[in-house]
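We just call them A, B and C in the order they show up, numbering each chain from 1.
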């Protein structure tokens, strides 16, 4: 799929050209990305020092590279580092997935949950928690649920192509059926069995280990360039189906590819941490309010912003409250005030 | 909280450690209900225990430094399952959303971690220690699990064994008194059931919207009562499911002479039941023979003595209501 | 300017009232059929359930009640209240959903985006957390107050900042407030097991175990709100043409939206406080109605009322039969009953947004 946009250069943009692709990026937005990435790094380092065993920056650094006492190494390398990295990677994945789905559906209320992915993963996970045997396979069950649901929604929406409204309606229908399944599991069984399932649905990074980090990192490494790559035609998609078709772009293929990317990102995150809803829905809006409409560069900014948000939420959830809570419960509390501030300052143009 | 420098995390339970041999006490060993044998250089002093195991051990005089589990909420209320545990004297290293928190356990510096298990045959299934967190907990200290299924008298003796291994003196006066009460209850129970052998009993949880009937073979206490001759109604439930669920319309599916209603919060009171449109017609309720059942019984001499008496005494005063 | 369907081919004046009547009569017929369907569903709801009983029992339970018969007691004391509640709540949610979609012009809009469900859930959870659990009907006023409070907050925030209230800002404010309230609700659930045990049932949405008093106490809001909404048909038609066209026709769009939203909040708040959050009805019913009667809101609203009532009551009956001797809460079954239909509809034709 050769994709050479022979677009004239635009002020404030630079274009990178190779023989078979050209990618234009916005310098101003990349500056935002750099600043956000720096903030994320500092936040990560700070998060590593927090916990029941307070450690200094230098102790953390030394433990990471294999020096220091056994305890410190255990705490830093086995307990803290995987959790902090998982938080960052999940935040990035969810934010990008949210931006993708909002772009495909051209509806600002869309999140991967509307497309039923969260519900699909949840019902499989809840069922597995309550009646399944080997709990180590839980992420696999959740992932399978996400994929099957996404496939069902896409398949059911297909009627000589996909119209946005049909996708949304089918997503609502399938999502509702599927989440009624998880509600059923939760009320059918006595509280001892239902409780872990209920807690799972709140979304938490408890118990994440290096296997999770590697999986998340791998998926992100593959999916992010794809997403950025496909995002350029997305702005054209947002003009509307008729115009897009007349430009001869492969509308369905772009949409389908983006959906697969979004599903992979959201599905992996949900499989590992459960449904964390707020990030996918709100971070794209916040990014847009700061950096402008979605494009490849803004997508990167959205991702980094998502990482910051989720890591900040996990820090608050674990360390800054009298009672430690799952991260999914805190994302709204952390993100909402900032979002409302942005909403207040925004123009009428959204 | 310990400091990082002061802890020797992996000093416990690792045979190759070159620690000097302790002069008195020597090696400490215990085999739990999963068949796992734990050996330590010295009797463990710092214990981190799940609430469901800490409660019976507390009655035997064992004091943990920290507790964990779903019901170890930071608000300090462990519910009925907490028994006599004094929340202000223990650290909390787990809660509802994170039943065991490895870093807090490290800070508590345990010699031994104790919990219960509902599946003694499964080597990786510990209550409150989910499989995904087990690899992060195992390096901290050895884990011992006692069974919570089967029969409550067997389990109580196992808790007594563990308590003795941890340093309890069973000849202490409070424990001796409780054991006498327990033995007396165990002896008297069959005589009551023999005398009232025509009475049927059902154990339920009745809430405003949902009704559950307990499946006796799945419960350690109900198993014990059945083996002592109590005539417990058997619902249509599969083995291992603990309950059968009914709707409000099905209130009369299991008529019985006596009804024990679980004391879990949210249940309907006796007055509510008498005025209930459907339950008001249940024979046990009409006869006024509805009694509380502590679902979160504690498997110590004191706890089981309480439990046995709470069943035996009401039954001994009940009469036939179904014919 | 005629808003009733498309003009027929022969040269007739679109304003001819007789033509309007002829076009309207199939829809009138449909309305009559719908009312009959409601009666059928209601009778099924009295006759069927997790307990087997005969039609004679059902008849006697209604008209010749004697308290000695267990079956008759079940019919009169359990099934009759829940049938009435299901019909009322279903109809109310259907109308509210239709109005919401008309006001926001967004097919994803259900009454819950104004924060009603999360406000009620938070209020109920707080009440159970501090006061302990009792029968679901005891907390009706808490739930209602929570619903209204949350919506008021959504309106305040959605209208803040430059530009006043736009549908998008309102929807986003609704999502944020719902997320916040949901977070606080989850926190309370985690702190207290009794609360978690009780609230999970309320959150599933159910019409069982509730006395009719619960319904009567909020019925002024339900009735008044529904009647008010039914009168909004013409306004919604005008709004659906776009804000600019509407204003050109002399409509005060902000005020109309505000009135419509207030009515929706009253209806949904009342419904949710009685039966808990039942999300699917408000979202799907308008689409089903629209596919039957077309884009005219003067018809969509009464059809939504009827379809909502039928779907919810049918779902309740199904819930009683599917897992005997236990029951499925109606909030669980609603999606199972309505979603396949919605999906089939979506595949048939392109749905106007």
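The rule is short, and it goes like this: a residue touches a chain if its C-beta (ideal position, glycine included) is under 8 Å from a C-beta of that chain, and two chains touch if they have at least 3 such contacts.
The structure displayed is predicted, hence computed values, not measured ones.
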{"item": "Most remote chain, CA-based centroid, reference being subunit B", "value": "C"}
{"item": "Two chains sharing the most C-beta contacts", "value": "A-C"}
{"item": "Length of the line joining the C-alpha centres of subunit A and subunit B, rounded to whole Å", "value": "41"}
{"item": "Distance between the centres, which are taken as Cα means, of subunit C and subunit A, whole angstrom", "value": "32"}
{"item": "Centre-to-centre distance between subunit C and subunit B (centres being mean Cα positions), rounded to whole Å", "value": "45"}
{"item": "Subunit C, residues touching no fewer than two other chains", "value": "190-191, 193, 196-197, 201, 326"}
{"item": "Sequence positions of subunit A contacting 2 or more other chains", "value": "187-188, 191, 195, 199, 202, 323, 325-326"}
{"item": "Multi-partner residues of subunit B (each touching 2 or more other chains)", "value": "70, 73-75, 95-97, 210, 245, 264"}
{"item": "Interface residues, subunit B side, partner subunit A - complex", "value": "1-5, 7-10, 70, 73-75, 95-98, 101-104, 106-107, 130-133, 135-136, 139, 205, 210, 212, 242-243, 245, 264"}
{"item": "For the subunit A and subunit C complex, residues of the former touching the latter", "value": "107-110, 114, 156-157, 159, 163, 165-166, 168-170, 172-174, 176-177, 179-180, 183-184, 186-188, 191, 194-195, 198-199, 202, 277-278, 281-282, 285, 323, 325-326, 328-333, 336, 339-340, 343-348, 350"}
{"item": "For the subunit C and subunit B complex, residues of the former touching the latter", "value": "49-51, 70, 73-74, 77-78, 132-136, 190-194, 196-198, 201, 206, 208-209, 320, 324-327"}
{"item": "Subunit B to subunit C touching residues, read off their complex", "value": "70-71, 73-75, 77, 79, 95-97, 207-210, 244-250, 252-253, 264-266, 272, 277-278, 281"}
{"item": "Residue ranges of subunit A in contact with subunit B within the complex", "value": "51-53, 55, 59, 69-72, 74-75, 78-80, 134-136, 138, 187-188, 190-192, 195-196, 199, 202, 204, 206-209, 322-326"}
